[in-house]
Every structure is written in structure tokens, then in C-alpha cells.
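In C-alpha cells below, several structures.
Okay, so subunit A shows up in both of these, paired with subunit B first and subunit C after.
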Partner chain A sequence: MRRGPRRLARRLRGDRRGAADVAALIVIVPLAFGAVLLFIYVGRQGTAREEVTHAAAVAARAASMERNAGSAQAAAVAAASRTLAGSGTACAGGPSVAVSASEWSAGGVVTVSVTCQAEGVTEIGAPTRTLSASARATIDHFVLYGD
Partner chain B sequence: MTDERGVAAAIVLFPMFAAVVFMFVNGAMWQLDRQVATAAADRASQAVALHGSSVGAARSIAVEQMAAAGIDSISVEISRGAEFTTVFVSGKSPGLLSGITVSVSATSVTPTEGLDAP
Partner chain C sequence: MGALHRIRDDERGAGYLAAFIVLFSVLLIAGVGILVDSARILAADRECSSIAMEAARAGANALDGELLRDGMVTANPAQAQATAAAAAGAFVSHAGGSLQSVAVSGNRVTVVVTASVDPWFPLISGRTVSKSATASAEREGVWR
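For the complex of A and B:
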């Protein structure tokens, strides 16, 4: 009768059943959590890239409705800022907008580049990324901005 | 005697795996519907920004495009300013499981166009 508990204790000390489950939990739970955060990070970056591309297109259109470099720059900055703000895309320090044109007259082509420092996901140490896009628009013969 | 090996995995890991997969699929579906909403807002915004445009026609463009993608409870807000036209659309898209809906919304900004003498 006395051998029973001792034998059981010896068996329990050597019993490794369940250890694999615990190890799996320790490894898989953080991995799953990291995968979720990575999914969020990639989704945010993809959305931000789309929005920057769209902002460049809107800014190019706005710039093409002007007739000189100064007003085109102001219109492009306003258009890009409004577009990014409307979509909820945050750029650290605001978007950077560069405007150039082949000629400031009807038929000329305006090129606008928008650069945005998109925020990362701090929980997984994902850094801020620089996203940039450019778009071109032709200066129309008759269309001007405003009513 | 029941063997309880693997119980922890069954109780914790499987539901967690299922939840993560569910979230990924639902997230992908939300992203697709968001793109539909963005495209609808863009089209409506470009339509309203034109010289002599009709707000009602632009609104119906957005509603039709979103409804065709299965989005309901559609709301379209149009603001036509002197410099910029802004369109905000929102709606509810069906989720992965029956009874679950996900809110989608999008905003589009377009320079307002006018006509001036050349």
C-alpha cells in the first residue's frame, strides 16, 4: 500500500504530458497576436498608399486649373491636404507637394508629386514609412477653377 | 479515465485560430466594400464638380454604384464649394456571418470647375 503513492509521485515527476501544449501556447499566442498587428499594419500602409496616389491625382487636377506656378502650387497643396484629411490619412508634418509644368498655358502638362510620412504601428515596432506618388494633368483650354 | 492531453490546444488554440481567420476574411471583405465606396464617392464628386452639374444625378450615381455591390443604408452628403467639391458616402456592408454588418465610408474631394472666358 505504501508503494502506491511513491510510485505515483515518481511517475508525476517524470510526466511531460501537456508540456507540448503549454509550449505551443507560449509560442503561438504571441505569433497570432503579431500576425494580427502585421495585418493591420499592411492594411494601413496599403490604404495610405492608395490615398496618397489619389491625393496626387486631385492635386494635379487642381493645379492644372491655374494659370501660373504660384497659384498652382497653392491649389495643389490645398487639394492634397483636403483629400488626405478627408480620408483620415495622417502625414507627419503634413504632405509635401511639388508642382512642375511643361508650360503654364492651355495644352501644357502639370506634374504633381505628393510625399507623405505615414505612421506605422508602434505595438510591433513598425516604423513610419515614406509614401509618394505623382500624377499629371493637362491644362484645359476653357476650364478655370471656381464658379 | 479520460486523457486530457491536447485539451489546452483545443480550448485555446482552435478558437483563436478561427477568430484570426474570421478577422482576416472579414477585413478583406471590408476592404473591398471600402474601395467600392471610394469609387462611388469619386464618381459622384467628379460629377458634381463639373460646371452646370446636377447634385441629384451625382447622388444617384453613388447610390446605384454602392447598392450594386450589396451595400445598404446608403447615405450621400454633397458639398459643392467655390474651390472644392466634397462628397461623403457611407453605408453598411454585409459581413461574413449572417446578421453581421460592417460600416464603410469614404470621402472624395475634387476641384470645383467653372467656366471662364478664355
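For the complex of A and C:
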């Protein structure tokens, strides 16, 4: 068993083509890995963007159900965090959620912005990226409580 | 011509490697370009759909008052259409995308929203996504 590597080394040393092939491999293999990681990075960013947009829509709807700015803020933060956690999107330091409304009464429009620090791929130096999305929802004129 | 000959003749040397890297990079950029642009079109598609849904809700909410006062879920179609269109239009203009049509039929409001996407990479053509959503105003329970 010990002779295996030594014989391989001797064969590689004797092989004239070997040097160029090894040089090619040294360049090509990291390049190929880098390409795969780049695809992963782009795909992950795309998915994260989509999820942040979706979280903003869900949070806007949740906020529009509340009766004042304070509880709407709390509801929006809870809805956005739950949606992002449910989809497996990690935000560094949690998502930040901003809620504003044209008026807190029937027919008003609630705007929610969600900002997420999505992690990058460190192996290729792809940095953390800030993704943000906003969504709007109208406050219902009539709300039926209970049955 | 000289460089081309050298690359062709030297199968295993630096020329082969250089040609490989150039080809590889072009394919890589093309692949990333297609990926990014199709993701943007998909994202626009989904966002369009959620804007249409909220616009339809805004329209259906605009119907509500007069419907309930009459105690029935039908309305003067022309007036309902105007109210719903105004509500949905105001909603969409702030949210991006453009309002294509608002149709009122009885208690149902159907809104069509479109958005166009210009690709960043010149590999796939630009596309206009169109989404429709319907919301209905309904009476529930007993109103007194």
C-alpha cells in the first residue's frame, strides 16, 4: 500500500504532459468552484429578495388590521419576522420594519417597508447585501368581529 | 492570425488555458445574466399580483358603504365602477405598476395591473407582466 503514492509521483514526474495538465487544473478547478458559488449567491439573493417582498406584503396586511400606529407596528414586525423565518431567510440582526399610514381610519392606506441584511457567500467575497421592499394595504371600511 | 494559430497548434499549453478561460467567462456571465433577469421578471410577476390583490380590495372597500346602506350587495354599476376605479387607481399609482382595467360586476371588483421589466443583460427580451385579481364585498352576519 505504501508504494502507491510513490509510484504515482514517479509517473507524474515522468509524464511530460502532466505539468501543463496540473497547471490547467490549478486554474480551472477553483474557477469552476467560484462559478458554482457565484450561481448560488445570485440565486440566494434572488430568493431572499422575493421573500422580503412577500414579507412586506404580509406585514402590510397585518398592520392594516390594527387600530392604531403602535399596535400596527408590533403586528407588522411580528408578521414580517414570522414570514421570513418560515421561508428560511436569515436577516442579520432581524428584519427592520417601518410602518406609516395616510390616516388611521377606514379607507386609509398603510405602507410597510421591510429591510433585511441578507448574508453573502464569504468564499468568493460576496458581501452581505441590504434588501428592502415596501408594500401597501388599505384599511377596511367594515370589520366584523366574532361571528 | 498568429495568436489563433498558436492556440490551435498548442493543445496543452497556455493558449489552450487562455481560450478555455475566455470561453468559460463568457458562458458564466451569460448564465448569471439569464438567472438575474428571469428572477427579476418572476419578482415583478409576484409583486404585480399582490398589488392587483390590494387594489381589488381597495375597490371592493369603496363599494361597501352604499351597498350596505341599501341592505343588498348590488350597486349602480356605473357609480360602483367609478368609485372602485378611483380607489384602485390611487392605490396602484403609489405602488408601482400601472392599472389596466377595473371591472365591477355585482359585488365583485376585478382589477388588472401590468408592469414591464427591462432586462439588465441583452440576452432575454423585455417583458410586460400582467396580473388580475378579484375581490368581493359581502355582507356577513346580521347588520342592524
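Note that the second predicted complex is superposed on the first by the 122 of 147 C-alpha atoms of A that agree within 3 Å, B and C clash if a C-alpha of one lies under 4 Å from a C-alpha of the other, contacts with A are read in each partner's own complex, and residues count from 1 in each chain.
The rule is simple: a residue touches a chain if its C-beta (ideal position, glycine included) is under 8 Å from a C-beta of that chain, and two chains touch if they have at least 3 such contacts.
Keep in mind that this is a model prediction, so the values were computed, not measured.
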Overlay on subunit A: subunit C relative to subunit B, clash or fit: fit
First (subunit B), second (subunit C), both or neither touched by A:136: second
First, second, both or neither for A:109, with subunit B first and subunit C second: second
Touched partner set for A:78, first subunit B, second subunit C, both or neither: first
First (subunit B), second (subunit C), both or neither touched by A:24: both
First, second, both or neither for A:87, with subunit B first and subunit C second: first
Touching partner for A:35 - first (subunit B), second (subunit C), both, neither: both
Nearest-approach distance, in Å, of subunit C Cα atoms to those of subunit B in the combined model: 7
Those residues of subunit A which subunit B touches in one complex and subunit C touches in the other: 17, 21, 24, 28, 35, 39, 43, 50, 54, 61, 106, 141-142, 144, 147
Touching residues (chain side subunit A, partner subunit C) in the complex: 17, 20-21, 23-24, 27-28, 31, 35, 38-39, 42-43, 46, 49-50, 53-54, 57, 60-61, 106-107, 109, 135-138, 140-142, 144, 147
List of subunit B residues in touch with subunit A within their complex: 4-9, 12-13, 16-17, 20, 23-24, 27, 31, 34, 38, 42, 51, 82-84, 86, 88, 106-116, 118
Touching residues (chain side subunit C, partner subunit A) in the complex: 12-13, 16-17, 20-21, 24, 28, 31-32, 35-36, 39, 42-43, 46-47, 50, 54, 57-58, 61-62, 64-65, 68, 87, 91, 94-95, 140-141
List of subunit A residues in touch with subunit B within their complex: 17-18, 21-22, 24-25, 28-29, 32, 35-36, 39, 43, 47, 50, 54, 58, 61-62, 65, 75, 78-79, 82-83, 86-87, 106, 141-147
